[in-house]
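Written below as structure tokens is the structure these notes are about.
Just so it is clear, A, B and C label the chains in written order, and each chain counts residues from 1 on its own.
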Amino acid sequence: MRWRACWCGASPAELRGRVPNAIAPAAPRPLSLWRRFSDWGATGFAILAAILVLVPLLAIFVYLVIKGVGSINWAFLTQTPKPPGEVGGGMANGIIGTGLILCVASVIGVPLGIGSGIYLAEYGRNRFGDVIRFTADVLNGVPSIVVGITVYSLIVIRQKHFSAFSGGVALGIMMIPTVARATEEMLLMVPMTIREAAYGLGIPRWRTTLSITLRTASAGVITGCMLAFARVAGETAPLLFTAFGNQFWNLKLNQPTAALSLQVFTYAISPYDDWHKQAWAGALILILLIVGAVAAVRIVTARGRLGA
Amino acid sequence: MGVGIEVRGLNAWYGKNQSLNGIDMTVPANHVTAVIGPSGCGKSTFVRCLNRMHETIPEARAEGSVKVGEMDVYGGGSDPVEVRRRIGMVFQKPNPFPTMSIFDNVAAGLKLNGFRNRKQLNELVERSLKLAALWDEVKDTLHKKSGASLSGGQQQRLCIARALAVEPEVLLMDEPASALDPISTSKIEELIFQLKQHYTVVIVTHNMQQAARVAELTGFFLMGSLIEYDKTEKIFTTPADKRTEDYVTGRFG
Amino acid sequence: MNTPEPIEPLPKPVTSIPSLGKIEAPRPAPKSTILQKIRQSRPASSRMPDEIFRWIILLSAVSVFAIVVLVVWELVDKSRLSLHQFGIHFFYGHDWDPVNDSYGAMPFIYGTLVSSFLALLLAVPLSVGVAVYITEMCPQGLRAIISFLVELLAAIPSVIYGLWGIFVLAPLLRDYVQPFLQKTLGWTGFFSGPMYGLGMLAAGIILAIMIVPVIASITREVMSAVPQNQREAVLALGATRWEMIRMGVLRNARIGIVGGVILGLGRALGETMAVTMVIGNRPEVAKSLFAPGYTMASVIANEFSEATGDMYLSALVEIGLALFLVTLIVNALARLLVWSITGGTARPRA
């Protein structure tokens, strides 16, 4: 219904007169078929993309379970590999070896990472800090195989043998940027007033940073450490010529050591069927280790938030 | 030419909270109608219900009858896209497209609707910018400057030109001048005064003096209900409802 | 603390004012407060622990810098032999001949570039599609689950992707996909030749799956950074949802999205294990995607520990140096683009 009633007293004719030249027709056009079609098409494509992305995820997990579970048995978890071609044996030395290497990696990666993170957050809001931040990002982007080359020429060549220690150093180096970035972000989220309260009480800066600021941010920092841990636990390339792998038990730091990821790789590309089955089993254990680490993170941080 | 708006029994919710209670209002064609009220009274919600922008917020919905000219906004066969083309909207904070030139900003709605002819676009863009009183200031830099490089007041006039380009019948303005300085504000108000010749304008404002300056009719909202709706002079000099009087005299809000 | 001797005796406290009568002598100050205790326990040299701490922390930060310097130094130092011997010819020579100590890295450069760009071709539409779905189309309840699942893709180790690639993807390609492609698109020359399953196509597909989470997470972040009023502005003009996404969101976020894509490229270039396991490891330049190939990272992985002779090792390290420089430039470019949109707050998580 068109309302012509006018409150201001002008006549409809006056109202009509001042419309500028309209070129387009004033009658509204119905929404064209093409626009409707492309709207539906785009929605369909987006849904399809989501499905296509999640299918491999599902497939990988399903295959890991199907093909791996069958081969996980007591022998697998407690024995060392049998000579190539023989059926049987296990990856026990790889599991232990991975643990050993990750210990070394954590000893190197966590303190240096947290220290760098503390620097960037508390002392590094300046040009030099920006340089360090950029360097950490560069280190994060270095391909893992290049880290392996570096540690090889720094340590393995000098020692003239492969070792768990050099493997741990390589993985530790890769942990540093992740831990540092997480620490910096978490520390920056602690409000300045908390630090000021501590200073006001006369607590020296170093103690404030460690006991107060870092403790407040501890949940997030622990998360960062465990995520870095989970990331390097699956790494294979840097270990190829540092830890190198080992058929037998090894608990010494300066000997070549087996690692789960290395064994999965070696077995997967071998021609032996039994080794292929064991590769799946080893992969399943590896993914459980990683998922376990991430889940532990969630539990720790959730409990920290609710309880304590 | 503008058309009138007839609202009957409009209710709106954000999730479970009802923000509009049974609004009945008739907006006459080619006039400026102001909607005033304290914060949270539902005036922005009301205006956003007119062009079905309210429902773009998750968990928000609206029910009732809104007729804009012959178009039934909430009717069975109604398409929100079409509704929004025929009802233009200008927002509180100017939001030109920063990645597009001034020309492309104004032409954005036209291109969406299938206008490809260069000559037609040029003419329509010029017309819209002239209607928005921005043509003289930007005619030399139409393609060179980006929409975001203008001053605040110019950006808002650019947004008005962009809204007018698709030839709406109604123009909704949600506090269009509240983010602008006084000089830009007065330019916008002058513009609104001229626009009413061709369009029906509904303007939300928290500034009562602005309502008094530009609007012929004013509706006072309070807590989701339309308390009083009458000629602007009457609302501000001899309001019928005590709550209107309290608001207008500054006792609250 | 030494208190100096008083110069003159302190005045006696006033104990009586005639009009008010006797006033009690002022009591001694209350026992030390916490603040006094702290002040007393801090000697004049109390700045030492702070300084020591600061130096320790600075050392950790500098160690990061030192490590990167060491990486560059070792790469350059150990590849000197090869750099001198082959010069620029190294990068376009086709002949990788350890027996005769003659090295040309072209096949590996070709393999790295082709596999990475194939991965981008597949991953970019999928990543942007997923990001658009999650940000603009997904019902609220599903959003957290789907984004978590996409992030989970990034947590799977490379060697497991490789394992899956060898035993699941490659047979699938060999038995179904490659015959189909050869029948329909074989005339182009990209899909011809013997169908092993393993090869450039498999490598490209695996890489694509691995970099989707990287590109998708950056795309989501830059899309979320687009202010809501831009979306509303487009809707108010009478646009469909896709038009709103296209004009109001993607258009504004495009610089950041390009940054995310380049970051994904950086990841693909450096990826080692999964590619090594499925690419076939044959140092040849071939047009068909069915053919086996070799990448820079793969040749290092396969041959480094067996490399006899200084020249062989030096050639491999030179490849490592080239890989390092390329990923350095690509990653720096990516971060520049992403930071320019998000103002330095967004950091790629994967």
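What we mean here is this: contacts are C-beta pairs under 8 Å (C-beta built on N, C-alpha and C of every residue); 3 or more make two chains touch, one makes a residue touch a chain.
Not measured: the values here are computed from a predicted model.
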| request: Please find the two chains that have the most C-beta pairs touching each other. | output: A-C
| field | Chain whose mean Cα position lies farthest from chain A | value | B
| message | Could you work out how far the Cα centre of chain B sits from that of chain C, in whole Å? | response | 46
| request: Could you grab the centroid distance between chain A and chain C? Build each centroid from C-alpha atoms only and quote it in angstrom. | output: 9
| chain A, residues touching no fewer than two other chains | 31, 35
| field | For chain B, residues contacting two or more additional chains | value | 81-82, 85-86, 112-113
| query | Which positions in chain C touch two or more other chains at once? | reply | 240, 243
| Contact footprint of chain B on chain C as seen in their complex | 140, 227, 229-230, 232-240, 243, 247-248, 251-252, 254
| said: Which residues of chain B touch chain C once you look at their complex with the stated criterion? | reply: 51, 53, 56, 58, 81-86, 88-89, 91, 93, 95-100, 108-109, 112-113, 159, 162-163, 166
| note | chain C contacts chain A in the complex at 34-35, 38-39, 42, 46, 49-50, 52-54, 56-65, 67-68, 70-71, 74-75, 77-78, 125-130, 132-134, 137, 146, 149-150, 152-153, 155-164, 166-168, 209, 212, 216, 240-243, 245-246, 266, 269-273, 277, 297, 300-301, 304-305, 316-317, 320, 323-324, 327-328, 331-332, 335, 347
| query | If you look only at chain A, which of its residues touch chain C in the complex? | reply | 31, 35-36, 38-39, 41-43, 45-50, 52-54, 56-57, 59-60, 63-64, 67, 111-116, 118-120, 122-124, 129, 131-132, 135-139, 141-150, 152-154, 173, 176-177, 180-181, 201-207, 209-210, 230-231, 233-237, 240-241, 244, 261, 264-265, 268-269, 276, 279-280, 283, 286-287, 290-291, 294
